[in-house]
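You will see two complexes here that share subunit A, one where it goes with subunit B and one where it goes with subunit C.
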Partner chain A sequence: MDENASARLARRALTVAHRVGLFLAMLVICLPGIWIVLSSLRPTVEIMAKPPVWIPQQLSFDAYVAMFSGIGKGGIPVLDYFRNSLIISITSTVIAVAIGMAGGYAFARYRFRGKSGMFLGLMLTRTVPGIALSLPLFFLYVRLGIIDTHIGMILAYVALNVPFTIWLIDGFFRQVPKDLAEAAQIDGCTRWQAFWQVEFPLARPGVASAAIFAFLTCWNEFALASQLTRSVSSKTLPVGLLDYTAEFTIDWRGMCALAVVMIIPALTLTYVVQKHLVGGLTSGAVKG
Partner chain B sequence: MKGFKPSAPFLLLLPAIIVLAAVVVLPLVLSLYSSFTPFRLTRPESFFVFVGFRNYLSILSNADFWWAFGRTVLLLTIALNLEMLLGLGLAMLVEKATRGQRILRTLMMFPMMFSPILVGFQFKFMFNDNIGLVNNALQSLGITEDAIPWLIEGHLAFIAIAIAEIWSSTSIFAILILAGLLAMPKEPIEAARVDGCTPWQTFRYVTWPFLMPFAYIAMTIRSLDVARAYDIVKIMTDGGPAGRTELLWTLVGRTAYSDARMGLANAMAYFSILLSIAFTVYFYNKLAAARAQIGAEW
Partner chain C sequence: MATVSLNKLTKRYGNIEIVHGIDLEIADREFIALVGPSGCGKSTTLRMIAGLEDISGGAIDIGGRVVNDLPPRSRNISMVFQSYALYPHMTVRENLGFSLKIAGATKDDMDRRVAEASAILGLDELLERRPSQLSGGQRQRVAMGRAIVRDPDVFLFDEPLSNLDAKLRTQMRTEIKKLHAKVKSTVIYVTHDQVEAMTLADRIVIMRSGHIEQVGTPDEVFSRPATRFVAGFIGSPPMNLHEATVSDGKLMFGGGDSLPLPGQFKSKTAAGDKVVFGIRPDDFYPTGHGLSSGSETEVHRVDLPVSITEPLGNETLVFAEFNGTDWVSRMLNPKPLKAGDRIGMSFDLSRAHLFSAETGKSLRS
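Let's look at the complex of A and B:
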């Protein structure tokens, strides 16, 4: 009886400890983001207040209105940056996924000499730090006259995304049984038809998540963009965020608002894709 | 079928190879060459002067460079180890949760969506000595009287950067390790328990070996872009105060664009590339070994 009671107590204590630990962990994860959103809605006076004002007294969307009403306070053309970011990210994602699908399919379906070496080689091109790659690219782009253009950024981002896209799509095609495409070919499909009618629909969620991952990489990239873009004609949002710090005093509220604008597309897209993404990254882990 | 016909996988991989050759490999060859010249952006003719290993020699005797190099390795070692441990802890906490696991998993992915530049900005904001959340909280709770100069004092700034780095990347480990925990067969754990293993032994000899490949996938992914710390440092301290948080990558950027000494910067960049490659190859090999082990046991 006594032993039972103490065992029950220990179990309950463990449950409570688990709850508390989970709560603290989630607090640490979520608090910074919540704080940014909150700060973007508060007047600057409140952000700067000493002693700090913990409970917001007045909330407004002034920062967002100022940001999107053309060249607002501080003269930062957020709309242009937003447009540049969208154009560059979407175009390079589409191209990278097309290339990645071809490559991923080759890795998933064919045996060829030097396959694993080739795969590692592709990955290694991805490891080159953005800032290291930016030096020769900067020089080349100046020579070719594509510095500070959409084309230049798109080209760089396609190369940045291809290796990882191949990795992900390879994993997804591996999950599609080989027999299906073979059956379709026996029934008279060409290999091309079998791919589009049988294998592609099955791997589509995977391809979609690879696309979203590529999009996010472009959307968030900073090291290359900060050197290869110069002006409004190609600057992306992450580089634009740094514009705020260039001023004499930092406009915290404006920065927070811009941060929220940057995070919203990323948040929605990641939420949509999370399940497939984890599946794709780990698909090869157990089966090898 | 006439004449030479290249194999299908080669044709399929061709676009990827062309793009990567044009945008990554060719520029890298160019930068390798220019690392042997005293090339400055302001003097284009210096591109054709060959100086052999002079840039490399001057790097080897440059104390600032070695400090930055050591600091980078230190940051990566601390960050990767803590990320792994915290990610493991977080994954096990979430796995134990009986209700609301879906929403917990979504929350757990939250930091992954933040771009490094945003992570840097948000921690710059929180660690601001005057208006930051951290100092405000510490002062309101009465833990310190004075504002702690988080980003102004060298060691504290390094710690703040490490915290930002860990915050942003722990979730990658947590998610992949959680995927491993969920995919794990339950029988071996039960068998171990029946055989009288303590919880620690069960974890150490049954659960952990199974999770290993997942942890190494996370490590490999992570080591693919270790250089993202550049973004964080760039916005948080920009290498300051007085170069106390200068990492290899910020040093490369400063040498190339502020000092316009491209040749020297390219030589430094090659050190950073080799560092990244070393990390990636190391974990990739670990991953392959762990996979082989799992294949043999399960």
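Let's look at the complex of A and C:
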């Protein structure tokens, strides 16, 4: 066989190997998700079967119907939980992103005393596991009277997210050349206008990704929420999953159905925002 | 259109002074180039005029108005950045019209002025493109277009050609010169390239370490450099500069060779003075191959060995060894030479320069 033919063959074999590898990796990543969706649609017997039943024998939407059927008929206050999750997640995301933008911009653009120490301090807060904060927070919130309230959860999540949003947005503002804001000022902008007209649009992918991360952190957080919420008025969806556990039983099907309900808005949001995540928008700004 | 004057303009970062109280008067419609090596304070000076850097002392006056503390937008200036600084999320049209939009111009007015600028710079085909879809030269033109749309009192250019390749740079240089002839406004142009400064400017300001070394027309700074630094900075290839001691009507060089003391310096030096002798490659040439061959008034001839040659087609740079080092000379109507050849060289001493070794100042009057 001539050299070129064997090189071509090797390249094809490599492509096939790549695809098989990718498929296996995706399978590992997606399997839990697929399993949750399947489990929400099949009877408990099948879910608990050993060895596992890979191909579902019968599918039904009973768990979804029951979930929305009201208390006493196997239902849980899912709409309340959904509303709580939405209010807490959106509000804390908006606040965290606003602070993150201000902080990230300051770290990226200004020189001030103690800057690196402050930045390091912010990053260090990320090393503290959220669960370790739950007890002190619990006592504090009880004293302040904000236990089991939206505002309490929002405060906790803002604090959790701000270091990360600052870090992420700082990186994006660093990529926006300083010359652009200066050019805008020469073109007649105030510092404020230069920010909104030129720097913000260019850092938008960073702001969007910070927003997604912050939102998903709040949306999925369980450890703190399970300690700091008590009633239907403030419980979020992840805490609501516990409603399916009783003293001696766990309704796996109902739990999986609620998990699917939880995942859908997060997936939708990520899909909507992802077009803003396209990087490389600053290419062509400077140099030839 | 406006005059610009800098009075004792100073810039400090903490305790370090970068610009040391410079004075400069720029006339209305004048094209002035600030030139000097990296770190000489030329860009900082330009940025202070633009309002992008605070000033630490002195005053800046644009069109009879002190603008020390005014923000950039209130100074009626425009600036072309080294990096072009085009807004990447806007089309060329939006880039050009941005300042007008901010100023609240009507759509008709905006369209008219963008069309004017685009016609001057030949950007009509590119108006709907984004900066990332343009070549370096096109981006440069858009940056200039953005500057002229505003109809400013003063144009500031911060090394606008340094990102372009050599051919494009020459072309854009010509365009900038034409542009100045058309818009007739005051221009302050910062560059480290002395050729750009010489070819474009009405007057050149040569800066070094935050001081102004000399201000003059291109001819003045070339023919009558005020300091040793200017002599070495302006001109390509640079002037031959060598230290010498005045002794008995001669200049004694350290290596043992000597040259007659040029007549014009006889009354200005005394025996024992330490000086720096300077002669341009144009005034030190293979005999018969110089600019002033035949019309010299004070010429000194000597046979020297050639150490290397750089043929450029119409001329050849000949490095001849004198006093143990290579001195560069320009040979017009070149003939083939090779290393090791001995040729007759002429020093046109009437055009030589002498600087004080101590202060670096020219001893020419």
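Convention: the second predicted complex is superposed on the first by the 229 of 288 C-alpha atoms of A that agree within 3 Å, B and C clash if a C-alpha of one lies under 4 Å from a C-alpha of the other, contacts with A are read in each partner's own complex, and residues count from 1 in each chain.
We take it that a residue touches a chain if its C-beta (ideal position, glycine included) is under 8 Å from a C-beta of that chain, and two chains touch if they have at least 3 such contacts.
Treat the numbers as computed from the prediction; the structure is a model and nothing was measured.
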item	value
Residue contacts with subunit A in the superposition, subunit B compared against subunit C	B
Touched partner set for A:I99, first subunit B, second subunit C, both or neither	first
Touching partner for A:S69 - first (subunit B), second (subunit C), both, neither	neither
Which superposed partner A:P129 touches (first subunit B, second subunit C, both, neither)	first
Subunit B versus subunit C as contact partner of A:G188, first or second or both or neither	second
Which superposed partner A:S6 touches (first subunit B, second subunit C, both, neither)	neither
Partner chain in contact with A:A266 - subunit B first, subunit C second, else both or neither	first
Subunit B versus subunit C as contact partner of A:F112, first or second or both or neither	first
Which superposed partner A:S60 touches (first subunit B, second subunit C, both, neither)	neither
Common interface residues of subunit A - those touching subunit B in one complex and subunit C in the other	281-282, 284-286, 288
Residue numbers on subunit C that touch subunit A, as the complex places them	50-52, 71-73, 77-79, 81, 83-89, 98-99, 102-103, 130-137, 139-140, 146, 150, 163-164
Subunit B partner contacts - residues on subunit A that touch it in the complex	18, 21-22, 25-26, 28-33, 35-36, 39, 47-48, 50-52, 54, 98-100, 102-103, 105-107, 110, 112, 118, 120, 122-140, 155-156, 158-159, 162-164, 166, 216, 219-223, 226-227, 238, 241-242, 245, 252, 255-256, 259, 262-263, 266-267, 270-271, 274, 278-279, 281-282, 284-286, 288
Interfacial residue positions of subunit B with respect to subunit A in the complex	7-10, 12-13, 15-16, 19-20, 22-25, 27-28, 30-31, 34, 41, 89-90, 93-94, 96-97, 104-118, 121-123, 125-126, 130-131, 133, 136, 139-140, 167, 171, 175-176, 179-180, 183, 213-214, 217, 221, 223-228, 230-231, 234-235, 249-250, 252-253, 256-257, 262, 265-266, 269-270, 272-273, 276-277, 279-281, 284, 291-292, 294-295, 298
Residues of subunit A defined as touching subunit C within the complex	177, 179-180, 182-190, 193, 197-198, 201-202, 281-288
